[in-house]
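Letters A, B and C name the chains as they come in the text, with residue numbers starting at 1 for each one.
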Amino acid sequence: MSNIPALEVENLTKKIKRKLIIKGVSFTLYPGEVFGFLGPNGAGKTTTIRMIVGLISPTSGTIKIGGKNVRTEFTEAMRHLGCIVENPELYPYLTGWENLEHFANMDSSIPKSRLQEVVALVGLSNRIHDRVSTYSLGMRQRLGIAQALLGKPKVLILDEPTNGLDPAGIREMREFIRTLAREENLSVLVSSHLLSEIQLMCDRVAIISKGAVIRTDSVQNLLAEQERVIWKAEPLSLAKEILERETEVQEGLDGTLITLYDEPLLPEWNEKLVQAGVKVKEMRTQLPSLEDLFLEVTGGESID
Amino acid sequence: MKPVLKKYTLTIVSAVSIAASLLWLFGLGWTLQDQFTANEKFEQPKEKTESATSKKEDGKLTIFALGDSLTRGTGDADGKGYTGYLSDLLKEKSEQDINLFNTAIKGETSRGLLNQIQQGEIQRQAKQADVVVMTIGGNDLFQQGAVLESLDMNAINGKKQIYLRNVNNIYKQLRELNGDAVIYHVGLYNPFSNLPDAKTTSSVVRDWNFETAETAAEYENIVYVPTFDLFQLQVENYLYSDQFHPNKEGYKLIAERVASLITFEQKGDES
Amino acid sequence: MINLVRNEMLKLLRKKRLYVIALIIAFLVPLFTYAQFKEIQDQREKMGTQDWRTVLQQEITDTQNRLSSSRIQDEWRKYLKIRLSQQQYYLENDIDPRAPGAPTFMRIFVENSIDLLLPLLVMVIVADLVSSEASGGTIKLLLTRPVKRWRILLSKYLAMLLSVSFIVLSVAVLSYGISGLVFGYGGWNMPLLTGFAVSGDELLTDNVHIVPQWQYILMEFGLVWYVCVIVGTLTFMLSVLLRSTAAVMGIMLASLIAGAILVNMVSSWESAKYFFMVNLNLTNYVSGMATPIEGMSLGFSMAVLAVWGLAGFIIAFVTFSKRDIY
């Protein structure tokens, strides 16, 4: 991973009718990483993304794409950006090829040969000369990605890329995004409200809620931090008493105890329990899902 | 459609549109230049009237009608007036097609008529005519009935002199324009002959008619057609509800009288 | 920029709007040709002659008769007087203002369609130029390109100008081509009078001069194009402001039709002359017809239209470059 950020968002705010919608969002994307943007509907994901791509002007804060400020160097910044905001809405009355030509015409730095390349890349060669109105949603999604990749961008922004796709399509998309990041050294910003998606796709995640980023970290770190140990022991009350001397203990639903996962101390705790005559029946570690994590960091805000 | 063809369509449509834009822009510029800069004094277009006149339509009898509301046909429920019935009658009798040019204007006075026949087109039509029919003088004399109420003889005489001078000029002009066509000047009747003052008004109208007939007599082929007698006895049956203009029956009477004269003249011509 | 305009033209063509417009015109022209043909035939029958001078003389006489009636309105009287002196002028100078022929039909057709039909056709093309991108969501892809917003809008505006020119050209070509089948294709050099000015009751003939019909037609089409461009610009502005194409069409339709109605009844409401829609009938100034409101002239109407057009243009560009796209 290089250290020059592909996308830098700093202290971004947006005020609409005196109401602060986005309250100082900051994050950074490095080349080759897939960055997840996670939050419930209405948290401000889409507004933030639209500010990054220049559709909405921010009230304050700076956005740099490939080192170029979106506000002051709009055209240079946009050269480094490819995006699909919400659904890939293309011109249904044009063919896929004409759509691509249309967008390629808008950037003189794109050579004609690039069109064939991206068509091959997204695997649309067979149907590219058909009208878009005859395409399935998955094909439209792929054409959308093709148009986003036309200008060989450094940053690819995908807003809810798996929306409306079937499970096979979702897996395909996920692999495709990972490949892009790995092989073309592309930074990808993926927004989603589906935690499982983000968990499988992303290197790092920003969790956004009510217009502010609550946490930004690598997926592994976030998950590791929350790793738990689940104990099944008898008598339960005695076990609890002993463990509470060492660490924080929660009582599980089905007669279990839950403590933090602290690898070096674990054998010690176990030994103490055994010495006190507690029968340890089961001891296992559990990785929480982002779901749990999310509930925890947002304080139980619902997510769909 | 093949994509290649489509591409050409796009280029062609665009090129045509650009060319059209330039053309319209030029048209707009020309309009501005033409409408906002003062043009050199308008040069009269060549008088082509002369050449246009001479062709007469053969095999058709052309009636040229001029004058006032009587010729126009005011009061006739069918709107034909005596000229309409006249051409109907003549068509029947002569089995010829009739061209009727009616240039009469309601309320026309002898002065107005004199002005009107200065117009080029009127003159051209007058030249083409085989027969001219006209009524004039009613508005000079009656002026919608106002003059006869006072019955001021001096005023009436003054008007008469002016009228006679105008009529004389009209005759002269028409004769100059067309020496061949017979002119039928349809005379005045007294629309007030059933009113208390009938005696006085009738004498005024008679006198007026007499003097006009005298003037007409000085020209060749001008026939003064009396109508006084037609309306003398049963005037209320022949008048329109305004008690001034003839109704359908009244116009038919006039038409029959004129028609009989024309048939006679036509025969005379042929023999 | 050429590439951008090319894009817009491609989209316009693919939406098949231009063809539809051409079809509408191709359908209407025969209709009017037939109506015109019938009128001429009717006149011939009524007059029993083919000589236009007689017809015109008859019209003059009719007009004079109407004028002598005491019951007519002042407005109407004024109109009749102007018509009368103009007709007499034509007659005296041996000019047939309605000589049949395709160019004459073209001229009459365009004079009658300048205030409603053509603006409507323009509106159909322009109404969704921007609003369809907004409602279809494609505007998000369009505005995230390395192209400044005003350039994108300008390319759309230029495409609008081109399609307006195309529509006006279709009207010219179709009306000439189709009506010529009936009336013949000649008559380009027929002399016509222009330069009439109306001042109060009087028809001023100081600046009257003769132009050949082809020049007259070119001039009128220039004016038609101007009107269409202004209507196009205003529709364009609405298309920027509103997401819904139907709303754009509704507003334009209402104002155009309101204009057509207003023209007939605003003569005493003087400030109505600053509405754009009562100023659309520019060709009337060239042919010397009465103005709907006292004090209107070709220069005045063109200036009013220019102000409206410019305002629309500025509003469109300012809003478009500043607006947040949700």
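By definition in this document, a residue touches a chain if its C-beta (ideal position, glycine included) is under 8 Å from a C-beta of that chain, and two chains touch if they have at least 3 such contacts.
It should be emphasised that the depicted structure is a prediction, and the values quoted were computed from it without experimental measurement.
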Chain nearest the overall C-alpha centroid of the shown protein atoms: C
Pair of chains joined by the greatest number of C-beta pairs in contact: B-C
Chain separated most widely from chain C, comparing mean CA positions: A
Where chain A and chain B are represented by their mean Cα positions, the distance between them in whole Å: 94
Between chain C and chain A, distance of the C-alpha-averaged centres to the nearest whole Å: 57
Where chain B and chain C are represented by their mean Cα positions, the distance between them in whole Å: 38
Sequence positions of chain B contacting 2 or more other chains: none
Sites on chain C at which at least two other chains make contact: 6, 10
Chain C-touching residues of chain A, taken from the complex the two chains share: 50, 53-57, 74-79, 81, 83, 85-87, 89-94, 98, 102-103, 105-108, 147, 151
Chain B-touching residues of chain C, taken from the complex the two chains share: 5-6, 9-10, 13, 18, 48-49, 53-54, 56-58, 60-61, 64-65, 68-69, 88, 91-95, 161-163, 165-166, 168-169, 191, 194-195, 205, 207-211, 215, 218-226, 285-286, 298-299
Chain B residues within the chain C interface of the complex: 6, 9-10, 13-14, 16-18, 20-21, 23-31, 34-36, 38-40, 42-45, 47-49, 52, 57, 72, 97-107, 119-122, 124-125
Footprint of chain A on chain C - complex, ascending: 3-4, 6-7, 10-11, 14-15, 136-138, 140-148, 322, 324-326
